[in-house]
Amino acid sequence: MTTGYIAQQIVNGLILGSMYALVAIGFSMIYGIVRLINFAHGDIVMIGAFVTLGLLQSLGAPLPVVAVGVLLSGAGMGIAVERAAFRPMRGAPQVTGFIASLAVSIMLQNLGILTLTAQPRNFAFPDYLQAVIHVGAVGFRVIDVVIMLSAVLLMGLLLLLVHRTRLGMAMRATAENLDVARLMGIPINRTIRSAFAVGSGLAAIAGLMWGGKFGQIDPLLGYVPGLKSFVAAVIGGVGSIPGAILGGYVLGLAEVLFVGLLPPIYSAFRDAFVFAALILILLALPNGILGKAAEDRA
Amino acid sequence: MLKVADVHVYRGRTHVLKGVSLEVGRGDIVALIGANGAGKTTLLRTLSGLLRPRRGAIRFQPRADGPEVDLTRLAAEDIVGLGISHCPEGRGVFARLSVRENLLIGAYRRRDRGGIEEDYQRVRAIFPILEERAGQAAGSLSGGEQEMLAIGRALMSRPALLILDEPSLGLGPMVVARLFGVLAEINRQGVTLLLVEQNAVAALNLARRGYVLETGRMVLSGPSRQLLEDPNVQRAYLGGTA
Amino acid sequence: MKRTQLGVLALAVFFLGTGTLWAADATIKLGALYNLTGGMSSIDAPALNGAKLQAKLINEKGGVLGKKLEVIGIDTKTDQKAAATGAQKALSEGVIAGLGYGDTTYVMAAAPLFQKKGLPFVTSGATHPELPKWVGDYMFMVPFGDDDQSFAIADFTVKKLNARNVAVWTDNSMDFTKALSKFYMARIKELGGTVVLEDFFKMGDKDFSAQIARLKAASPKADAVFVSAIPNEAGLSVKQIREAGLTLPIVSGDGFDTELVTTVPGPKLANAVYFSTHTYREDNRPEVVAFVKAYEKEYKKPPENAFAALGFDAVGLIADGLERAGKVDGKALRDALAATKGYKAVTGEITYSRPSMVPAKGVSIISVMNGKYKVEEVWMPKP
Amino acid sequence: MNLRRPRWIWLALALGGVAAVGLAQAAWDDYLLSIVNFVGIYAILAVSLNLTNGFAGLFSLGHPGFMAIGGYVTAILTLPASRKAMFLALPGWLAGIELPFLPALLAGGAAATLTAFLLGLSVLRLSGHYLAVATMGFLIIVQVLIENWESVTRGPLGLNGLAALTDLWWVYGWLLAAIYLSWKVKFSSFGRSMLAMREDSLAAQCLGVNLFRTRVAALAIGAFFAGVAGGLWAHLVTAITPGTFSLIMAFNIVVMVVVGGTGSITGAVVAAVLFSAATEIFRPLEESFEAYGIAEILMALVLLVILIYRPSGLFGSREPAFLTAGPTHKPGNHPATAKGGQ
C-alpha cells in the first residue's frame, strides 16, 4: 500500500469522476429546469460514443473537429427527445416524466441493437492519445489528461454560461418559477430546449471520453453512466450544477478507492458499498451536499 | 387602451369568470377590488396570457395611434413584448437570483442596451433600497423590499400598462402608503395602472375608476369617489357600519 | 396466425382466450431459445444465426426424414421469466426438441420444462459440467464442460508456459466465470503450482486499475494471470494490463474467444494471450472451412464468435439424431442423441461416452501474438 | 368501510374469476397458463406497489428487493432437505426444514415485511427522488448480498430445480387477497390519511397523521405482497437467481402503477395485464420480421402515447364507477380524486 499506489488510485478516481461529473451536470441541468429525472440521459452518452466512432472511421477527422460534431449531435438528440417526449407532458406529475424518460431510454437502446447489433466494438483512438506518461509512480495516458482537462474546461464554460450570460439567467429564472418567467417575456420553450441541448451535448462528449478511455462501446453502454449520473446528481444535491460536479467526483473516487484500498474479496461489494455510503450521505443531508431545500413544484 | 369584453374562463370543471367586461383608459389608474376567490387573480392570469378564456375577447392598444391587438391569440411571453407588464401575486421574485439580475430579467425582451441601462438607473432612483442590495439574492429582501423589486422589475420592460396583483399583501400601512405614492408618481410619468387589491380604501383613493368583482361577475363599476360612498361597497369591503 | 397467437390476443384483451389445438405439420419444428436482446445478445444472436444456417443447408439437401426442418427463434430478452414463457411457447408449438443459450442460468429456466415433457433440450453454449445431472437425461450439451477447458488451459499454463506462480481474477457476478476459476485453481494446485493472488471484479466493470496495481505488487511475482471473464470484459482487461506495462502471459477460457481480444488492445498490445476454446478458430478441418464460407455467404460477415459454430452444431446434432432415430419422437430422439458417437461437428467430434453426459471434445488452445491468432495445441480429455 | 355499495357486484366478480380460473386451468396449454400466471404475479406486484407509491406517494424502487427476499426464503423452505444438502451449507436448524407451499409463502412475505420495516426506519425520512435513490440502493445491496452469500443462496447461479408449485389458483387467490386488502385500506380512515399525506404532507401532519408510521406501514404492507409474489415467481420459473430482481423490473412495476393511475387499484391491474402480456402480443411480429427488439420499441411508444394523453394515468386515482357505485363514494367528491400523482 505504497503512496505511489494510493496516488495512482486517486488519479484513476479523478478520471472516472470527471466523466461521471460531465454526465451528472446535464442531468442536474435538465432536472433543475423542468424537475425531470431523465433516465434517457445515459443513452445520449452511448449515442455520443457511436457518433465519435462513425466520424473517426468515415472522415478520419482530427479529434477537435470530431468533438464539435459529437457535441452538436448530442445537442440535436437532446432537443429531439425534449420536443417529442417531454414537452407534451410538461404539466404532468414528476413521476410521469420519469417513466417517459425510461420509455425513451428503452427505445434508444433497442434502436441501437437493431441498427448496430449488440456486438461490442473496439474504439480506435489515434495512437498519440494512447501513449503512457509516468509522473513518479503514477502512470496515466494522454487520453486521461485530455479527459480531465477538457472536463474541467467544459465545467468552467458551463458555469460561465449559467451565471454570466443572458441565456443562463433565463434558465435559472425558468428553473425557479416557470409562470413568472413567462410573465417576464422569457420564451420558456426555447430556454428549456437550450438546457436540454447543452446538457445532452456534454453527455455526448462524455460518450467520446468513455469510448476513448475504455476502448470498447456497445448499444447498452449508456445504462451505467445514466444510473451513476443520477446517483452523483443526487449526492451533490439534485438541481445544483456545482453539486453535480462534486457528486460526480465523490462517486468516481469512492468507487475506485473502495476497490483499490480494501482487500480483493471486497471488490465484489463495491456497488453495495457505494449505495450504502450514498444512503448515509442522504440521511445526514436530505437534500444532498450542496442541495437547497428546493420546494417541489408539481 | 385595454378592452375586456364578456370573458368566460374555466379552471378544470369550475366556471370561474362568467362574462367579465372591463375597460382601462390610457393614462388611467383603475382599481379592481373583490374578496378572496372572486376571480381577481384568474382574470389577471387571463390578461397576461397564462390562461386562455373559453369565450370573449381582450383588445389591447399600446399606443394611441398604434394598432389594436387581440391578446387571446398570443402566448404570455409575447404579450410582454407589446407593453403589458405584470406584477404577479405574491411578488414572484426570483429568490436565488440577485436583485440586479431580477431587474435585468424584467427587460429580457428588450435589445436596446442603452435604454435598459437608463431604465435601470431610473428604477434605482425610484427605489434607492434596491441600489444598496443590488448584489444580494432577492430572497434575502423583506416583504416591502421584494414588492418594490417586483414593481421595479415590471418597469424595466418600459410597459404602457402595468398590472399589479395585490401589492399591499402582507405590508404594513406605512410601507403601503409610500408604495402607493410611488405608483402615483409612475402613473404621472405616463404608465397606465390596473391595480388589483383587497385593501379597497388605499386602492380606490389612488385610482380614478374602479370595478367590484364578486364570484366571477362584475357587480359594480364607476368613479372611485362614488364607489367609496356606495353602501354595499362600504359594508362588504370597507368595514363601514351599514 | 396460429391458434395460439389468436388465443394470446384474445387473452390480453378479453382475459378469456380459447384453448389451443396442436396441428400436425409437414415440417419438423425445433424451438431455438436465445437472448436476442439485452445483456447476453452479443453471445446468443450469432448462435441463432448458426442454427438457422444449418437448418437451411439441411433443407437444401432434402431435409430430415423427408421433412423440412424449421427453427423457430424465440427471443427471451436476457430474462428468466421470458425464458420460462418462451420454453412453454416452443412446447405449445409442437417442437420435437429445444436448443438454446450460451449461459447456464437461462438453460435452468427452460430445460427442465422440456425434460418434464419428454423432449430433448440441447444447449449450444452453456458449459457447466453438471447441467445434465441437474436437469435430467433429456439434457444434452454441444460444448465441452468448464472442467475440461479449465484443465486444458491449466495444463498449458504449467507445462507450456512453465508458470509456477499464478494470479487469478474472477468475475464474481457470473456463475460461468466462478466455475471456470474453481476448476482452474484446483488443477494448478494439482500440478504443483501455487495461486499467489486471487482477485475479483464484476461483469460490467470497465476499470481494472486496482486489480492491476495489486497484480504488480503481488509477491512472489506472478508468472501468469488467469482472467476468468466473458467477452465484454476480455478486451478491456488485456488492454489495461498491457497498458500498465505488464508483459506476463494472460490466460483464460472461451470467454476470451472474441475479436475484442485483438481489436480493443490493438495489435501492438494484444500479445502473449492464451485461451482455451472450442476447436473452430484458425482450424482448417473441412467442416470448419465449409461453415465459415456458408456463414459469410448467408450473413455477409464472418462468424462473430465460436457461439455461431456451436449454434450450427446444435441443429446438426439434432438432425443427425433424428436420422438415426428414424422417427419424429422425443424418446427415440433422446436415445439416438445419447448414443451419438464421433459426430463430426464444426467445433470438434461429439461423443457422449462419459457418465456425466458431457461430450468428451477436444479443446483448442489459441495464442494471440501481435493481434494474430494461432492454434498452439488441441488438448484431448481422457475418454 | 361502508358496505352499502351493492355487495353482489363483488361476489359476482369473485365467482366469475373462480369459474374462469377453473376453465383456464383445465383447458389451456401450458404456454397460455404461464403467461396468465406471470400476468397475475405482475398484477399482485402492481397492486402492492400501488399501495406504497400510489396511496402514500413514496417513490420506491425497492420492490424487487422484497421480491428477492420473499422468493429466496420461500424457495429455501420448500426445497427438500436432500437437495438443500446437495448445494447449500445451511445452518443446522434450517437444513432440515421442509415446509408446504402456503407457510413458506407466508414466511417469505413476513421476511420481506420485516426487511421493509427496518429499511423504513432508516430511509423514510427522505422523500421524492432522494427516497427513490435510497430504495434503489437497497435493491442493489440485496442483489449483491445474495450474489455473495454462497452458503445460503448459492450465489449467481441461484437456486434451481424448485417444485413447480405455482398454478393459477395460487396466483388468483393471492391477487384477490392483494386487491381486497388494498381496497379495504383505500376506503378506510388509514387509507384516507395516506392519500392526504400524498397530496400535502404538511396539511396531513396538521390533521394528526403520523407521517412516519403511515409511511412505514405503507412500505411494509406493499413489501409483504412483493415477498409473496417473489415466492410465487420462484416456483413458477422453478429457478431463482439474483439477476431476476433487477432495477429494470423495478422500473416495469412503477410503469404499471403510473400508467394505471397512481392510487388506482383497478388501474394497476389493467396496466399489469397490458404490459406483462404485451411482449407475447408482439412476439409474432418480431419473429416474422426477425427484428428482435421491436417489441420493446413498440411498448415504449405505447407507453409514451398513454403518458402524453393521460398524464395522471388511465384511471387517475379513482376506481371505475361500477365498482364504487355506493352512494357515499361518488368518484367526484372522493379526496383521492384530487390531481393525480405526487
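When the chains are written out, they are named A, B, C and D in that same order, and each has its own residue count from 1.
FYI, a residue touches a chain if its C-beta (ideal position, glycine included) is under 8 Å from a C-beta of that chain, and two chains touch if they have at least 3 such contacts.
Since the model is a prediction, treat every value here as computed from it, not as a measurement.
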**Asked** Chains shared as neighbours by subunit A and subunit D?
**Response** C
**Request:** Just knock out subunit A conceptually, keep positions unchanged, and give the connected chain sets.
**Result:** B | C, D
**Request:** Give the label of the chain whose average Cα location is farthest from that of subunit B.
**Result:** C
**Item:** Comparison of A-C and C-D by number of C-beta pairs in contact, larger one
**Value:** C-D
**Complete:** With centres defined as CA means, the chain nearest the overall centre is A
**Message:** Quick check: how many Å separate the C-alpha centres of subunit B and subunit C?
**Reply:** 74
**Fill in**
Cα centroid separation, subunit C vs subunit D, in Å, comes to 35
**Asked** What whole-number Å value describes the gap between the mean CA coordinates of subunit A and subunit B?
**Response** 43
**Complete:** Among subunit C residues, those touching two or more other chains are 37, 41, 45, 172-173
**Asked** Which residue numbers or ranges of subunit A touch two or more of the other chains?
**Response** 110, 113, 268, 271
**Asked** When you check subunit D against every other chain, which residues touch at least two of them?
**Response** 147-148, 292-293, 296
**Message:** With touch defined as at the top, which chains are paired up in contact here?
**Reply:** A-B, A-C, A-D, C-D
**Parts of subunit A lying in touch with subunit B, wherever the complex brings them together** = 166, 169-170, 172-173, 176-177, 179-188, 292
**Prompt:** What residues on subunit C touch subunit A, complex-wise?
**Reply:** 37-39, 41-42, 45, 172-173, 197-202, 204, 206-207, 209-211, 213-214, 217, 231-232, 235-236, 239, 243-245, 259-260, 263-266, 304
**Prompt:** Which of the residues in subunit A end up touching subunit C in this complex?
**Reply:** 2, 5, 8-9, 12, 16, 110, 113, 117-124, 130, 132, 139, 141, 213-216, 218, 220, 224, 255-256, 259-260, 264-265, 267-268, 270-271
**Of all residues in subunit B, those that touch subunit A in their complex** = 48-50, 75-78, 80-81, 86, 88, 92, 94-97, 101, 104-106, 108-109, 153, 157
**Request:** Could you please specify the touching residues of subunit C with respect to subunit D in the complex?
**Result:** 1, 4-5, 7-9, 11-12, 15-17, 19-20, 22, 36-37, 41, 45, 72-75, 77, 79-85, 88-89, 91-92, 104-105, 108-109, 112-113, 128, 134, 172-175, 178
